[in-house]
Structure formats: structure tokens, C-alpha cells
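By written order: A, B, C, D and E. Residues from 1 in each chain.
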Amino acid sequence: MPGAYAYYPGCTQESSAKEYGESTKLVCEELGIELHEIDGWTCCGASSAHTTNHLLSVALPTRDLQAAQEMDMPVAVICAMCYSRLKYASHELRDPKTLALVNEVIEKDFQNTTQVLHLLEILDKERIPVRKSLKRLKVVCYYGCILARPKKVTQFDDEENPQIMDRLVSNLGATSIDWGFKTECCGASLTLSRRDLVRDLSHRVLVAAKQAGADCIVVACPMCHSNLDMQQEGIAQQHGDQADMPIIYFTQLVGLSLGLSTEQLMFDRHFVDPRPMLREKGVI
Amino acid sequence: MIEEIQAKARELLEDGTVSCVIGYERASSGVGARPCFAYEPSDVDKFIFDNTCHNDLATYLRGLKGKKTAIVAKPYDSRAVNLLLNEKQIERQDVYIIGVVCVDDYRHKTKHARENASPDVELAIPVIYDVLIGEAVERKSRSEQAFSDVAEIEAKSTAERQEFWEEQFSRCIRCYACRQACPGCYCTECFVEQLDPLWTGIRIAPSENQLWNVIRAFHLAGRCIGCNECERVCPMNIPLSLLNRKLEQQALEMFDFRAGMDAETAPHFATFKKDEHLGIG
Amino acid sequence: MTTTTVTPSVSREFLLEVQQQSQQNILRCYQCGKCSAGCPLAYAMDLSPRRVMRAVQLGLADYVLGCTSIWICVSCETCSVRCPREIDIARVMESLRMISIDKGFSPAEKEVETFHRVFLDVIEKRGRAFETELVASYSMGGLGTLKTSIANISLLPGMISKGKMALAPPNASGVDEVKKIFAKVREIEQRKTSGGSE
Amino acid sequence: MAVEFEPKIVGFLCNWCSYAGADMAGTSRLCYPSNIRIIRVPCSGRVDPLIIIKSFQRGADGVLIAGCHPGDCHYTEGNYYARRRFAMLAPFLEYTGIERERFRVEWVSAAEGKRFSNVVTSFTDQIAKLGPRQARIGKEELV
Amino acid sequence: MARIGVFLCYCGTNIGGVVNIPRVAEAAKAMPEVVFVQDNKYTCSEPGQLEIRNAIVDNSLDRVVIGCCSPRMHEKTYRKAVESAGLNPYLLEIANLREHCSWVHGDDKERATSKAIELVKMAVAKVSRHESLFPKEVPVTKRALVIGGGVAGIQAALDIANSGYEVVLVEKQPTIGGRMSQLDKTFPTLDCSACILTPKMVDVAQHPNIRLITCAQVSKIKGFVGNFEIDILRRAKKVDETICTGCGVCMTKCLVRTPSEFDLGMRDRSAIYIPFPQAIPLKAVIDTEHCGHFQYLKARQEGKDVPDCNICQQTCPAEAVRYEEEDEIITERFGAIVVATGFKTFDHSAYGEFGSGRYPDVISSLQLERLMSASGPTSGEILRPSDKTHPKTVVFVSCVGSRDDNKGRSYCSKICCMYMAKQSIMLKEHDPDVQSYIFYIDIRAGGKDFDEFAQRAQDEYGVLYLRGRISKIVQDGKKLIVYGEDSLLGHPVQIPADMVVLATGVEPNDGAPELAQILNVSYDTHNFFVEAHPKLRPVETQTDGIFLAGCAVGPRDIPESVAHGSAAAVKVTALFSRDTLTTDPMVSTIDQMRCVGCLACAEVCPFNAIEPQVLRDGRVVASVNESLCKGCGLCVATCRSGCANLKGFTLQQLLAEVNSLWR
């Protein structure tokens, strides 16, 4: 049921994950899902905030939620980290004392009634008019750690074996391969500080995907994407095997099935260019 | 010595301590001795004692059960008394034991030239008595030659042993003299005479003879007191003591047990230790 | 390592602090080790998550606040969701990070701590993360070690060519509010530390 | 050795452990030589020397006694007495001309089916090697 | 001339597939006394059994051989079948053609078949010597003796008494109640031990069917199930129970002070005393070892001269003191016995490294119970022994005298983990400032609500569990330094404690092995009584009519002991529900005509089933008590005269089997 949402893009959409944001916009237009970008949205604080100060880590996302409250629409999020932080905030705020304290901090009167949804949850309810079947495409869906975890906070999907993205890609005609690394960690925010570890973890994921026989990995998180895509060169250096594994946002995949062009979907921005693979599979 | 024996015997009969004294008298043949049962003090005059006095007088005690009886006991007879006490065949208070020191009790009985053959300690003094007659003498231990006779047999190969025993037992006429002379053989009905179960055929055949002799020996395992009467009385000169002494040796080695040394110690087959191995099983 | 003396007063104090901070009952941990078994980064830690929990139970502050584990943890929550005793271990790790900063421990993983600090600086300044600035000030500001800095810088050209590095900083109208929030939070923290409870 | 020597072995097995152990060998289909003839007795302590010597006299090439392991006797003590009895008998039999190898005492529990079949196999082989007894029975006409 | 029928079972292909049954049948026809041979696909089936039955009737068979599976499998079944044909069920012999033949000789059908023939031949030979056997009926004395007045014994006594049978409850101590009466609270419900136990104790005292004999123990047993004759030695209390009102004046007057056993030496008692206020019976007893009067008597004998004392006698308002009272032996008849002699705790002085008892503040868990008990030496205030101050740091040490081969205690005492949790919780309840540490190897909390309880000690009461055995305790001023390792941290730790509680393990009470010998029931290397079967007969012993309850068998907690007591009671009442008992007819007999009365058989009988009997002619012979005889046949192998024989396995039968092999 196409509806209207208060859209929270998240900082990365303005730079490293532009293609995620753009594809999202295009896809939603195609599907008649209204995304109204929250005016003056600010950072959710990401892992840094809750690593450093608990109150801050709740206050920052609450500010955005409050903004959405004024728009009186459910919030649509695409970044897994943002999603997790927003969800976490509203979870914490169920405690009146915390709510009061945070309201004091943000000097607003937030009710904590605003619903937070990930685009996957929204699309899950949509009928997608597939114009271009992806039937020859074999993919693995990679949810990362925080999209589905912890369930008592996100209420997203099964913690250990989420299905929502797999459902989506099979709706698009592609084959989603079951594999064991759906929710394994990619190294997340250690990208800059302990890249060696990121490369270990991401390497595990890439190898698993290859063994599963996937043509590409479908992701729903900018951080996962950057770690898996951008680091592949470095991973090859560190571990001596070249994955050449395209990493594609689920929104880009939907876009393809809706017949959007590779330019519109910004495949040129990927470090590992998916287009040869897509061509070979007759998707483009 | 004989005077002392007679004096004691007379005294016991006179003051009524006992109603009968079992001793030895000269056999009618004029040579050798035979048991003598004295009921009157005067009977005692017939008593003799010398190294022709062989019989194990303890053998007769069961017959006089319940009657106060005195017996002239050589060392091995005294062991027999203990055996019978241990096996509840006689009551101590019914028996008066005139122990007689007997320097030469044992070897003079083995008719076979087994001079070395002797138990590890030679008994000269009765192990139980109410009065001791004769000089308590020291006897040297002969342990270095202990069971050398048994060792000889063991030295043979199995086949040789088979031959040896086959030869011996083939002579057995099953007169059962051995059994009659034995203080330990007092079953009302010996297995060999039982008809049901029929353990042995009555007819004389080596294997039946062997069965008889071997089982009789085993029935005396831990009970034979080594008086050697069986062998002495055997008309066919079968070295029966070789069987008994093998078992005596085993009992000594395995369980440090020797029959009849006292009346209390339980024989090895009537007791056990949980943690003994004994090389079987 | 020398023998550790366990005394109620000391151990209680630290334990309670962590429990208060994390809102988790750490004494519930029965040391089954499932957290360590599932932790994707345990291999890189000096104390496995299980041992971190144990140390907290025993109140061994120095032992645990100086360890690398609390910094290597990326809050992937694997441990938390699988804990049979329903302890949010990731949350405990966070709390330990915060406490170690408060207590002025020099983090065993300098870069990690630096990154988070720089990240928040950027946000406070601009309301949103500006990756270009983030990478730049983290790497070139000499905050990270030379090794990581070079590694990071080496990525820049690629990123820029792929347009993954916005050159203009974001302009979030909410930035002022964000600044206020940071200020307010500091103020409240002040209140706490200067005795008065909330 | 002449044609094929088929030893005849008599086995006295206590009902509670060893006979059950032999049953176990059966249920687990553990093959062993068929020479043994098993006689069931309540306890190894029931087996008197007489029946053993009798078996040999009749021409048994070997006699096996099997009972509960010491300490496990169903009657608590039976096998302890048996152990002493046969410890006396074994060397005595040898002394009277029956090879030591022909008489064996083994402890076999109800669970030791494998052990039972091993015991029987090795015992049978051992006796087969030994050959038949130079028993006089042959020469005699038996009752 | 017997008429033997041989029935051969194919057992499907189990036997028939290997053994050539027709050939066996042929051979069987030729065997002596065999008049009928039949084979069958499944003899054990209903039709199979019917055929046997009919064959017996139609051919008037008087002996039956069945070649089939192991007798351990179907002997009972076939006995019924034989009986149904009006034949004595014991005139049956089974040739084991399956387990002992077809299944083990599948590799050689030829040999298997010839073996099968010989097996049948043996069975035929044996069965021809079978005789009809008849179970015997013996009357049952419907009175039960319960030995031990702990909670298990109490429960057993009450249950039996409530079923309407007389019970005599014998207790070694002056009072019943056992260990449970020494406890403060019980895990995991934390209800007060005394509050739930004392009513039961009172029930015992007031029950019309129960007679309570304290300060007493069993000294001799004769007879057998249904007909035991027991000597009970009752030690003199030197106080007339019937008169003593338990007013306690004597205790206040008595000049002697000596450590109280009940309070484990943490408080003194007088020489004339009542162990504790709720004691049952509430009567004073004199401890002659310490009593001034008896000291005086003793001294006088040794010619020494010390002042006499008889203050209790003088001051007793009821004039109940009887210095002259003597021990007595009470002989009674019982049908069944329940042994519930309970346990005592391990004496930790065996542990030098823990101070072997020389540190006053290193106490046993049971001592802590007394400290926590409102009726205890400190009226429930927890004061450490040395300086009567409140300990704030308490260290518990588990497995003291448990799971320690070094101390000859390889077993787990089972209850310690739980009572440590309980005690640490109670310490916190008594004083919120107490911090408890528990050194454990494993937390064994298997039981309803047990693990939750042990966890609660940690979550809610902040008890800190450290995994590891401590190595040493050192006194350091007012503190006790406990050296251990936290094996989870992988790191040595030391804890300065105010008090250390040693969780001393469970071991059988004194005198357990002696009693076992008197009763002729077996006990293990740790002196625990041994069950007839650890799984399927957990309350029976190898001796019929003697049952077990509680910790006499092994470590148990209260509910288990109670259940165990009730279980034993059911066994007893089941026994009493019948007026007579049938005994297995496969027992020994003595041919008294030939018996020479050496009684070698009696010496070896494991069940004391053979006794001397004096015949009219004065001969002493052996005679078998068929109710005691279990049919092992030891006597048979021991008797030289062949007078002892074992029904079902007679000399004749075995000989027949052997002979048949060479016919």
C-alpha cells in the first residue's frame, strides 16, 4: 500500500552511499511511495555516540524522531545503523524517566509514538511490478549485524535467519541462496581504526558468499557496503585471494527489475563493478 | 616312657576322669603293635610304646563320641585330634590327650626310600595335649629339603606324570584300607560307594582308580594332617602321600595353612580374602 | 600476573558501577562462554568477552578497563542476542568503554577511541557526519597512527574519483540543536559527577 | 595330529553373569568354535571338583569354569570360594597328569559377550594345539 | 522310566535358519526315555504353547525338554505352559539352541546342528533326573522394625503405622529427629526445618502403632523374611522414662559442663541432659562418661577418693533419676526391617591445609546451621566462634571430604552445592553487609527449583561463585587468608575472610558396617548400604525383608529421603498384605541320614541359611532354612559326603549332563 513516510536518509547518503540514497528515491517514485525528507535531519550518533555516552546516543536520534513526529508520519530509514539507533532510542524512551530526561536535553516534547520502519519492511508489503526479471541472477542476502539485532529492540525479523530481503529478491525473480553469514559482522566502524580486522571479517563474508555460489552480495547497510566493496582490493592484499564479488544495494536490485538504467542506479560508483556480471546474467 | 604312660592311664581310669584309654598293645603276631582300648586300670598293663606303634589312634575317637576318652597321642595323632575338634566330630571336654614326644614319628613310616621327604618342620611334640610325656626335644628344621619328593614328580613331563600315576593306580585294588586308616575319612557313606549319583564304577579300572584316589586326596585338601597312615597301610605300596603332600604344599604356599595345627583356624576352603588373586580367573 | 586479592568493598564498588551504567545484572552470568564462542572479534581480543564478564564479577577494574577487548568490540550484538542469561553484553562493553574514559584509562586501542572522538567532534560541528573531513582529520590530524593514516589516505583518491567523497560539507539546519544537545548532555554529566544524583 | 581333532569342552557357567554373557555373545552374533558344551549352574561356587575330575575322566579335552567377576557375585561370596577351590585344583590336576592348559577359570560378566566368545575361541584353539588327552578311557569299556 | 517330550523351536529362521531342526528331531527320537518329538515355528507363541500343553496331555508326558532360546528368556513362560497341562512346572528343561548355538555358529551349519543335538541330549539327560518342586508357604509376622529415627526412618515408621501395622522405631541417640533437626532452613524453599519436622516427631511419639526405643541399637538377628527375631540393646538412660517429665530442673542443677553433641561443640550441656528443647521423647538422660556420680563410682573402684555427686537425684521433682539402671536386651519378632541409619558429616580435621580444625573461625557447614538456628548456641545471631563478632566476609569451600580420592571419598555428597547456596543466602538475610564467596568445582543443582535457587544466590544476593578448589587457609591476625584459583579467570586469587565454612561431605553414620554385618546385608567401600539393584530395586537389599531408606544408602536430600522412607514403607506393607510368603523351591537340602555334622556347609553359606540341628538320636547334623536359602549351591560343592544337594541343580542332574556327552 503506497504511503507517505518521513524519510531519514542518513549521513552516508550524501557521500559514500549516494547510490543507495538515489536508488531509493527512484524506486520509491516508481512504486508511488512518498518519501518526505525530514527537514534538517541530523546524525543519529552512530556507534560512536553509544560508545561514548549513553544519554547522547539516545538524545541524538530522538531529535530526528521528534522532527518526524511533527510531520506525523512513520519514519522510513534505509541505513541499518541509523535504523538501529532510531529504534534503540524509541526502545529506551519507553521508560518515562529516560523520556523526560531526553526531552529535557532536546528541549522538546517528544511522545515516542512515532513508528520507525526500514525500507525493507515497507517494500515487504509492496507488490513490485517486475519489468525485467532477474531470473538468472543468484544472490546472497547480507543483512549485517544490527539490522535484525537485537530483535527485542528492532522487531525487524528473525535474528539468526532473517528472510525479508530474501523474500524481496525472489519476488524480483532472482534466486536467493541460503547461507550462514547473513548476520555475521563485517567489521563495522573499525574501518578507519583497525582496518586489518575489518578485512579479516569482510574476507570471511566474501569467501562464504563465493562458496555459496553467489553472483553478488545484496546489502541493506552502507557500512557493510563500504567494507565489503571498497576493501576488496585491500582484502586481496591481506589474504591473497581476489573475491571480485559485486556488492549491490537491494534498492539497486529493485531498480533493475523496474527497468531503471545502470547509470540511474550509479553502478559506476562501485569499486567492484557489477555491470560485467549483470551483463553476463542478461540482466542488462 | 611307657611307665609314665601307663601311670597316667591308670590314674585317669581310677579317678574316673575317663572311661576308656586308647593306647597300643603288642599284636598277636608278636611283632608290631595294635590299638588297645583300656576300660579297667588293669588293662593298662598291656600298654606298650615303641616305634612299631603306628596307628593314628585319633581315628577311633569318633566311635567313642560322648564317652570320656583318653588317647595316647603322637604328634600327628594330636594334629588329627585338632582336625576332629575343628570339624566338630569330638568335644574337647570328652577327650583327654596324653601327648607323647616322638622323635621318630614320620620317617619310619614311609616305606618308600624317601629319606629326604619330610614336611618343612618335623614335629616331635604334639600340638595339643593335656599331659606331655617324654623330653621336649628340639628338632632342627628340614625346610631346605621340604617337599623334595613332590618336586621330583613335578620335574616330570606331563606325559611322564601320566605314565607314573597310571602305573601306580593300575595297581590299586580299591580295598579302601587307606580310607579306613585315615582320621579324616569318616563320611557315613563315601562318594565312591554311592550308587546315586554314581561317581565311579565299582569295577577296577585305571581311570576309575585314578578318580577314586585323586578325589579322595582332594577331599583331604586342607585336612590331611600328614600321619601318612594311608600309605603305610596300602597293600599295593602306592605312594599315596605324594598326593596329600602336594596339596599340603599348595595350601602352605597359597594360604599359609596347615591342617590340625590348632582346633580353631578355619581351613582354607571355608574362608576367603576378597583381594587375593591366586593366579586363576 | 600476580595473585589477585578479592575483597568485598573493592569488588562490589566497581561491579555496582558497571551494573548501574549498563543496567545489566552481571552476576547473572554463569560463564558458559557462548558470547566468546559467537563473537566475530574474540580472536583479536586479549580477554574474551566471557573473561571480561568474569573480571567484572570479581570487580577487577584495572584488569578489565585496560584491556583491548572493550575497544575491539563493534557492538554487533551477537553476544547479547544469544546470551542464555539475557545479559546485553554489548551494552556492558559500551559501559566499560565509557567508564575507562571517565577513569582516564589510556585506551588499549588508541585509534578506535580516537575515531569515535573525531566522529563526534564532526557531528557536533556540522550536525551530520562529513566523511571527507572525518577521514582527513582522523588521518592527517595525526590522531591515528602513521600506519593506519597512510592506509586510510591511500583510499582517498579512489573514493574521490568514485564520487564517494563529498567535497562540500553537509549543511544541516539542525546543527544548532545538535550543538545544544551536546552541551546539555555535558552539563548533565557534570551534575552527576559533581555529586547530585539525577 | 591325525585327521581333524574336534576337542570336546565342558563349560560350567554361572547363571547370573557368565551364562548371560554367553547369551549376550549370541544376541550380538559373535561366532566362536562350537566345541563347548555349556552346563548352567546357579553360581561358580556350585561347581564341585568332583564333577570336573569326572568330566576329565569321561574324556573331556578341556573344562571351563566361568563366573561373575569377584565382587559381583549374585550371591555376594560364591565366586570367592570358587576361586580358592579351583586355585587348589588347577595345579593338582596338572600334578596328576592333566595339562594345566586344559582347565580354565574365567570371570565373565553379563555384558561381556565379546569377552566370552574370545575366551571360548582362545581356549578351544589352545586345546586343539594340545591335541587329545592320552585318556585311558579309550582302552576301557565304560559303564 | 520317564516319558519325555522334546519340543524344538525354529524361532522363525533364528534357529531353523542355521540348525537343521528335522535332523535334531530325528536324533531326539532315538534318545533314552524320549517318547514324543515335535517342532514348531514359534514355540513361545500362544499356539506354540498350546501345542506343548496338548502334547503333554495327549501323550501323558511327564518331562518336557524345549530346544529354543535362552532359558533366561522364556523359562517362566514355558513353566506356565507345562503347568497348564497339569504337570509340575519344574519338570521342564530348556536346551539353549539360539543364543548358545544358532546365533554363534551361523558360520558352520553342520557343526551347529551336531552341537544342537548334543545340547538336546544333555537336556534330556538332565530332565530325566528332574523332580517335582513345590514352593513353600511361611507365615508373616506383621510387625516392622525401623532402625534410625531420622526423617527417612520417621517417614517409614509413620507410613507403616498408618497402614495399620505395629512399628518399633529404634534410635541410637536419646532423641529422634536426626540431622534434619539440626538444620535451620531447608533448600530451596527456605522453610524452617524444625517447623516442618517437629510435628512429624510428635506424630511418632503419639502414634498408637509406634513404639519408640531411644538410646538403643540392634545387636543380633535371627530368622528370615516374615520371621525375624531381633535383639535390641537399650543402653541405660539412668532416668526412668516413664516418670521423667522433662522439666529440665536437673539440667540447671547439674554441675558438669561438657560440649553438646547436638550443637557440635558450639555450646555446652550438662551431664544429665535433654539434647534440645523439641526432643522426642522429651526425657533427660545421664551421660555416665561425664556425670559426677559415675566419675565418683569409677574413681572409687580405682581406689581413688573423689567427692560423690547426686544433685540431680536429689533435686529431680519427679524423683526419676535411677543411677542403678542397667542396659537391657529387648528381644522381639518382626516381619520386616527398614534400615535408615542416616549419615554424619565428614570430619574436616583430615585437611591439614585448611587448619585441620585449629582455626576457630574455620567451621563446618553443619556448625553454621547451628549458628543460624534460632534455637542454636547464639540464638540465631551469626557470631564467629573466635571473638563473637559478626563476620562480614565469608568464604565457603565445597567438596570437603567429597570428590577427593586423596581422602578416600571419591563420591559427590550431592547436597552441599544446594546448602551452600542456602547458607550464603541466609547469611545475607541475617546481615546485608555480608559478602559470601563460594569456591566450587561444579554447581550440582539438579532438582526441582534447585538451579534457579543457586542462580538466585548469585543474581539477587550477590554471592560470588569462584570455580576452583582452594589450596590453603592461613590465619592472618583476625583474618583468614584463603588461597585459591579462579579457574574461569585463569588466575590465582586470595580472599581475606572473617569466617570460612567448609562444606563437609556426607558419610555413613558410625556403626553402619557393623550393623550391616549383623543384618548380613552388603555395604560398599564407603560403608554405604548396597541396594539389591541400583536402578530397579533401590530400596531392597539382597536379604529379603530388609529394606533401606535415606542416606544410609548414599547422599540424599530431605525430599528424597522422605520419598525413600515412604518407598521402603510400601515394600513393607506390601509384604504384610499377605499372610504367608512363598519361597523359591530351588533351594538346598541336606541328607541328614548321611550328614556327619562337620558343618563345613554352614561355614561357607553366604546367607547363614544352614544351622546345626540335633536329631532325636543325639546326632548333630546340618539343616537348611529354606526361607533363607537363595540356592547358590556353595554348600553342595563344599560337602564331601554329598549330603548337601541343590534342587534344580542336583549332583545327579549335573552328572547326567556330563555323562550324556559321552553316551
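We take it that contacts are C-beta pairs under 8 Å (C-beta built on N, C-alpha and C of every residue); 3 or more make two chains touch, one makes a residue touch a chain.
From a predicted model like this one, the values you see are computed outputs, not experimental measurements.
Touching chain C and chain E at once is no chain at all. Steps from chain A to chain E, minimised over paths through touching chains, total 2. Taking the mean of each chain's C-alpha atoms, the chain whose centre lies closest to the overall C-alpha mean is E. With chains reduced to the mean position of their C-alpha atoms, the one farthest from chain B is A. Highest C-beta contact pair count among chain pairs: A-C. Chain B and chain C, compared by their mean Cα positions, are separated by 99 Å.
The centroid of the Cα atoms in chain A and the matching centroid in chain D are 80 Å apart.
Distance between chain C and chain D, defined via averaged C-alpha coordinates, is recorded as 77 Å. The distance from the centre of chain D to the centre of chain E, each centre being the mean of the chain's C-alpha atoms, comes to 36 Å. In chain D, the residues touching two or more other chains are 49-50, 54, 77, 81, 85, 137, 142.
Each of the following residues of chain E touches two or more other chains: 604, 638, 642, 651, 655.
Touching two or more other chains at once is no residue of chain C. Pairwise, the chains that make contact are A-C, B-D, B-E, C-E, D-E. On chain C, the positions that touch chain E within their shared complex are 1, 3-8, 11-12, 25, 27-28, 30-31, 50-51, 54-55, 57-58, 60.
Residues 392-393, 435, 437, 455, 458-459, 462, 464, 466-467, 483, 486, 488-496 of chain E touch chain C in their complex.
Chain contact summary for the complex, chain C toward chain A: residues 21, 40-41, 44, 72, 74-78, 80-81, 88, 94-95, 97-98, 101, 109, 111-112, 114-117, 119-120, 123, 127-132, 134-135, 138-139, 144, 148, 151-152, 155, 158-159, 162-166, 170, 172-175, 177-178, 180-182, 184-185, 188-189, 198. The part of chain B that touches chain E in the complex is made up of residues 66, 87-89, 186-191, 194, 196-199, 219, 266-267, 269-271. Remark: chain D residues 49-50, 53-54, 57, 67, 70-71, 77, 80-81, 83-92, 94-99, 105-107, 134-137, 139-140, 142-143 touch chain B in the complex.
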